[in-house]
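These are the structures in question, set out in turn.
There are two complexes below, and they share chain A, which is joined by chain B in the first and by chain C in the second.
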Partner chain A sequence: MSASEIPKQQILERLGELPSLPSVYHRAREAMDDPNGSVETLAQIIGSDPAMASRLLRVANSALYGLPAKVDSVWRALTIIGMGETRSLILSTAVVTAFRDMPLGAVSMRSFWEHSIACGIAARTLARRMSLDNPERLYLVGLLHDIGRLCLFILEPAAMSTVLQAHRERQGQLHEIERQIFSTDHAEIGAALLARWSIPPAYCTAAQAHHDVMSPESTTVETALTHVADIIVNSLRIGTSGSRWVPVLDDTAWRMTRLAPSDLPDIVETTIGTTRDVTSAFLEQ
Partner chain B sequence: MRLDDITTGMLLAKDVCDPNGNPLIRAGTIVTGRHIRALKSWGIGEIAIQSDAPPPAMAPRDPAELAELKAMLDVQFSLSNPEHPAMRALYDICLERALSQR
Partner chain C sequence: MNLALHPRLLSPADSPGEHSQSTPINVYPFAFDILREAIGRFPACRTLGELFSALSHCARLLLPSAQTAILLRQPDACFELVFSAPISARGHLRNLSERLIDSGGFAQAVRQGGHCIEALEDEACLLHTIATPRHIYGMAIWVAKDIPALLRQPLGALVDIAALSLDRLQGGAESFLLSGGPETHNGGACTLLDDIAIPADQLTGLAHRTHFIQFLQKVLLDGTPNTAVGIILLDVDGFHRVNREFGCETGDRLLRDVALRLDTALRSQFVYDTIGAAECDLCFARTGADEFGLAVARMRHPQRLAEIATHLHSHVSEGFVQQDTKLYLSISIGLATSHAISGAVSAQSLLRSADSALKRAKLGGRNQHVVYESIWDEAGSPHLRTESLLQEALRKDQFALYLQPLFRLDDMALVGAEVLLRLRISDGIPLPPSSFIPVAESTGQIVEIGEWVLRRACHQIRDWNLRGFPPIALSINVSAIELSRTDLSTRIRHIAEQEGVPPERLHIEITETAIARNEEQALINLEALRAAGFEIWIDDFGTGYSSLKSIKHFPISGLKLDREFVHDLAQNPATQVIASSILSMARNLGYPVVAEGIENADQFEFLRQQGCDRGQGFHLGRPVCIQVFENRFFPARPQDEGSEN
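And now, the complex of A and B:
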C-alpha cells in the first residue's frame, strides 16, 4: 500500500457533498439561541415538520430518557426533557435522519448507528458513574465520535473497502490503515464535519482525539470517556463502524474515569439494555 | 419474600415492575447480587421467589466449546492490550455472555 493515495484536502473539500442537516434543525437552533425564545415557539417549529416531530417523540419516549409516562406532544416532551437535552435530542435526530437512507456498502447504516448510539450510552453511563456534572452531554459526544467514518464510507467507498480488507487481515487498526491511505483518518474528518455544522468545539475535540489520548493535562474528560466507551462497545460488538478487532485501551484515559474493572459489568448491562430500544426509536418506522 | 432474605441464585417467580407497571426484571430470572443491589436502590422491599428453584450451579461446560470461544475472543482482542486489568474484565464479560448465549 503506498502512503497517502488520497490527499486529506481532497476529502475535506468534498464534505459539502454529504447530506446537510434539515432546515427545521437550523430554525430550531435559531429559536434555542434566541434569548427571548420560548418552548412554545420551538415546539411549533418542530411541529411544522411532521417527520421530525414524530421521530423526536419516538426518541423522547425511548429508553434513552426513561420518562415515567409516555408523552404524545412535542411541547410536553421538550418541557420534561429540558432545554439542554432538547438541543442534543434535536441535533441527534437531525443527524441520524439526514444519513439514514444513504447506502454505505461494507457496513450497514443500522450497524453504524447502533455502534454510535451504544458508545453514546456507554459514555453517558460512565459519566454518571463518575458523578460528572451534566452527564447527558456525553451521550451526544459518543453518538457523533465516529461520524467521520460515515463520510469516508460515502465519499471514498472503493478506498474504504481496501482499508477494511487490510484491517480484516489484521494488518492494523482501522484508523491506522486509514492514515496510510488517506493521510488523515475518520477522527480528523469527523471533527471537520462537526465544525462545519457549528457543533461546539468540545464535541469536535472528542471526535478528533478519541484514538489519540495523550496526557491527563491535554486530554479532556469527553475525549477520555469516548475512548473508553468505544473500547467497551467494540469488545461487546454492539453494531460496528467498521472496526473488527478491539482497539488498544489507553491507560491514561482509563485512569481518568477513576473506575475499577469491577464497575464494568454494570456499565455493560446498562449499555446493552438501553441500546436496542434507542436504535429502533431512531431508525425504525 | 423480603429482600433481606433473598440470596443470589434464587429464581424470580413474578415480574418485578416499576410503579407504572413496566417490568424491570422478568419472571424466571436467576437473582444475582447486582439485582439485589438494584432492587434496594429502587426501594423495592419484597419480591416473589419460586419455592422449588433449583440450587444455583454452573452448568458443566464442554471444554472444547470453551476453548473454541476463547480462541475466537483471543483473535478479537489480539490487536488490543489484553493484559490491562480493564481489558481482562471486558474479555471475561464477553466470554460469559458468549457462554450464556449458547
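And now, the complex of A and C:
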C-alpha cells in the first residue's frame, strides 16, 4: 500500500461535519452553569425534548446509578442523582444519542459504545476503590476516551478500513497504525473534539494521553485510571472500539492507581455486571 | 483462534533510544529473551502475515529504528516483496530491495551462507536469507541508520527461527505463490498470502468452509460430557443485489465489513458467558459466497444459542457505510445444536439441520433466526426426503432418459432429440424434473446427475451408431451450477472422448439465467465447448434474464424460442408480433431457431410460415422412453436388413 498519509489538519478541520450535540444539551448546560438555576428549570428544559427525557430516565434507572426504586420523573431522577452526576448524565446521553443512528463499517456502533461504557464503569469503579473525591467524573472520562476513533470511523471510513485490516494482520497496535496513516491518532482527534464541545480540560487530557501515559504533563490520575480501565475492558472483551488486543500496561499508570492485583476480581465483576444493562439503556429502543 | 502475541512483542519501544542505549554494553541476555519469545510465538502463527509481523516486532525490540522488508521467492525464482514494516516505508523498501538485487547484494547474501551487510548513502542494510538447510524461502532485510555488529547474530537467529515456521506452514514447497498479484495499487491492502498457511479466506480473513467442517468433526469426536456442539449459519439476504447495484468491488468491501463486524461481535465476553463456552470453542468461518458459519464446541448452555443470533442481528441492523452510501442489510440465521438432534450427530447432519433452519428463516420472510427442531425430521421435510431420494436414485439407477423429438418444420424430418430426465421411484410413476431438479441444484447433486445424463446420452449415441441408425444429435440441458464450474468443458470433452462420441452429436442447452449466475465463467466454458465442436443453444429464449446480451456476447449456435411465445400464438396478436420479431432477428443474425411447446396445428403453421427452422412439442411428438423412440423413428431396423445380406 502506498502510504497515502492523511494530514492531521485535514481531519481536525472536518470535525464540524460530525453530528452536533442536541440543542437541549446546550440549554441544559446553560441552566447548570447559571448560579441561580434550579433543578426544576433543568428538569423543564430536558422535559421539552421527550426523546432526551425518556432516554435520560432509562439511563437513570439503569444499573449505572443503582437507584433503590424506579424513578419516572426527570425532576426526581435529577434530585436523587445530584447535580454533579446530572452533568455527566446529560452529556453522556446527548453524545450517545447524537451518534447512535450512524452506520459504521467493520466495527458496529454497539460494540463501540459497549467498550466505552464498560471503560467508564471500570474507571469509576477504580476511582471508588481508590477513594478519590467525586469518582463519578471518571465515568465520563472513560466513556469519552475513544471518541476520536468514532470521528475517524465516520470521517475516514476507507482509510480506517485499511488500518483495521493491517491491525488484524498483526502489524501493530491500532493506534500505532493510525499514526502511520493519519500522522495523528484517535486520542489526539478525540481530545480536539472534546475541546470543541467545551468539555473541561481534564477530560481532554485523559482522552489525549490514554495510550501515552509517559508524557509528564499528562500524568494525571484521570489519565492513569482511563489507561488502566481501557486495559481491563479490552482484556475482558466487552465490546471494542476496533482493537483486537490488549494494549500494554504502563507501570507508572498502574502504580498511580495504588491498587493490588487482588483488587481486580471485584472491579471486573462490577464492570461485567453493570455494563450490559447500561448499554441497553443507552442504545435500545 | 486466540493466538494474540505477547503484548511486549506487539509494542516495540516507541522511542528509538530506549533499548539501543543498552545494546553496546551487553545485548545478549536481552537478545536471548527475545529469541525465547520468538521460539514460543512463531510456531503459533497461522499465516505468513502473522509470522512476518511477529518477526518484525521482535527485530524492532532489538533495533527499534529498523524497517523490515520480507521478500519471498516466487515459482519463477524472482524475489517478491510481500511484507514491509512500517507500512509507510513500503515504497522505499521496494526501491531499496530492487537496488540490492541489481547490485548483487542478494547473491552475496546467499553466497556468504546467510547474511551480508551493505552500507548505502545514509543507512545500513542487513540482508539475511530466510532459509532452512533444505530450502531458501526468501530474504529478510533490515534498514536502519546503523546496525551494530553485536545485533547481527541475534537478528539472523530470529530469521532462522522464522524459516523453520515457514517450513511448517508451507509443507516443504520451495516457493510461495503470490495469490492475486503482488499488490493492488488502487489503495488496496498489502495483505499477503494469508491463505497459504491455514485455509483462510482471502477477502475476509476468516477460515474456509473446509476448516469449519474439520473443526466440527473434531469437536464432535471429542464429545465432552454434558456439553453440546452447535452451529449458527448466517446468510446475507439478497446480497447479489449489492453486487449488481454497486459493483463487485463495493460488494467485496461490504462483505469484509460484515465479516469483521460479526467476528468482532462474537469475540465478546457476553457471548462466551451466554452460551457457556470459551473463546477457543468458537470457530467462525466464511462458509459460502455470502454465508457465514459459527461452530461452537463444548457449550454448556446450548438452549441459549438463539440469544447469540439476536445479538448478531442487533449489530448488523445498524447498517453499513460504503462510499458515503448507507446500506442496510439483513441476515437470515439458522441454528442447530447437537442436543436437539436425536441419534448420532455428525458434522453433516448438524450442518444439514442448521441449513434447513436457515431455509425456514428465509422462507419465513428473512431477517430472522430459526432454531432447528428434531420434530421436523419426523414430519419429514420434503426437501430432505427428496435429497436422500436422489442419492438413492443415483445409486440404484432409478433415473431414465426420455427423448423428445425435434423436427425440421419444412419437411418434418427428424433432426434431433432433447434429452429429458425422469425419476422412477418405487411406485412406478416417473417424476418430472421440476419436482427434483430444484432440490438437486440446491444440494449440488445436480453435478453428479448431469454427468450421469451425459454419459447415458453418449452410450445411446454409440449404441445407435453401432446399429446404423441416423446420426441425429441429442440436446442436453446444462444447469446454472454446472455452467459456473471451472471444470465443465473439460468434463464434457473428456466424457465424449471416452465414450467415442463426436462433439457435433451433442448439443448443449443453457438458459440465459444460468449464464447470468456467473457470466465470466460461463463465457469461458461456452467458448471452450464451442471450440471443441459442441453446439450451444440458448434454451427458453426470451423469458430469461437480460435477453439480447446472450446473443451478442456468447458463442452460440442457435436459439430455442420459449413456449411462452408459442402457446397462445393463435389467440394473441402481441405474441405473434414477438414471435415473428424474434424469428426475423435470429434470421438476420444467422441463428437457427427451434420453437418449443408446439401444441397444435395452428401454431405449427404460423411458425412454419414465419420461417422457423425447427420445432418440438406435443403436437409433433411427446417425450418418450428410448425404446418407444426407437420403435417410432427408426422403424426399418437396419440391423435386421444387414443380417439378411
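We take it that the second predicted complex is superposed on the first by the 277 of 285 C-alpha atoms of A that agree within 3 Å, B and C clash if a C-alpha of one lies under 4 Å from a C-alpha of the other, contacts with A are read in each partner's own complex, and residues count from 1 in each chain.
Heads up, the rule we're going with is that a residue touches a chain if its C-beta (ideal position, glycine included) is under 8 Å from a C-beta of that chain, and two chains touch if they have at least 3 such contacts.
Predicted model only: the values in this text are computed from it and were never measured.
When both complexes are overlaid on chain A, the residue A:Gln173 reaches chain B and chain C alike. When the two complexes are overlaid on their common chain A, residue A:Ser262 makes contact with chain B while staying clear of chain C.
Contact with chain B, but none with chain C, is seen for A:Pro68 once the two complexes are overlaid on the shared chain. Of the two partner chains placed by the overlay, only chain B lies in contact with A:Ile232; chain C stays clear of it. Ranked by how many residues of chain A each touches, chain B and chain C are led by C. In the superposition on chain A, A:Ser161 contacts chain C only, with no contact to chain B.
By the touch criterion stated above, A:Val246 is placed in contact with chain B and with chain C alike.
Taken together, the two complexes place residues 170, 172-173, 236-237, 244-249 of chain A in contact with chain B and also with chain C.
Listed in rising order, the residues of chain B touching chain A in the complex are 20, 34, 75-81, 84-91, 93-94, 97. Contacts from chain A toward chain B in the complex involve residues 68-69, 170, 172-173, 231-232, 235-237, 244-249, 251, 254, 259, 261-262, 264-266, 268-269. Chain contact summary for the complex, chain C toward chain A: residues 4-5, 7-8, 10-11, 47, 49-50, 53-54, 56-57, 85-91, 183, 185, 187-191, 194, 205, 253, 256-257, 260-261, 264-265, 267-270, 272-273, 279, 314-316, 318-323, 326-328. Note for the complex: chain A touches chain C at residues 1-5, 101, 103-111, 114, 157-158, 161-162, 164-166, 168-173, 176-177, 180-181, 236-240, 244-249, 272, 276.
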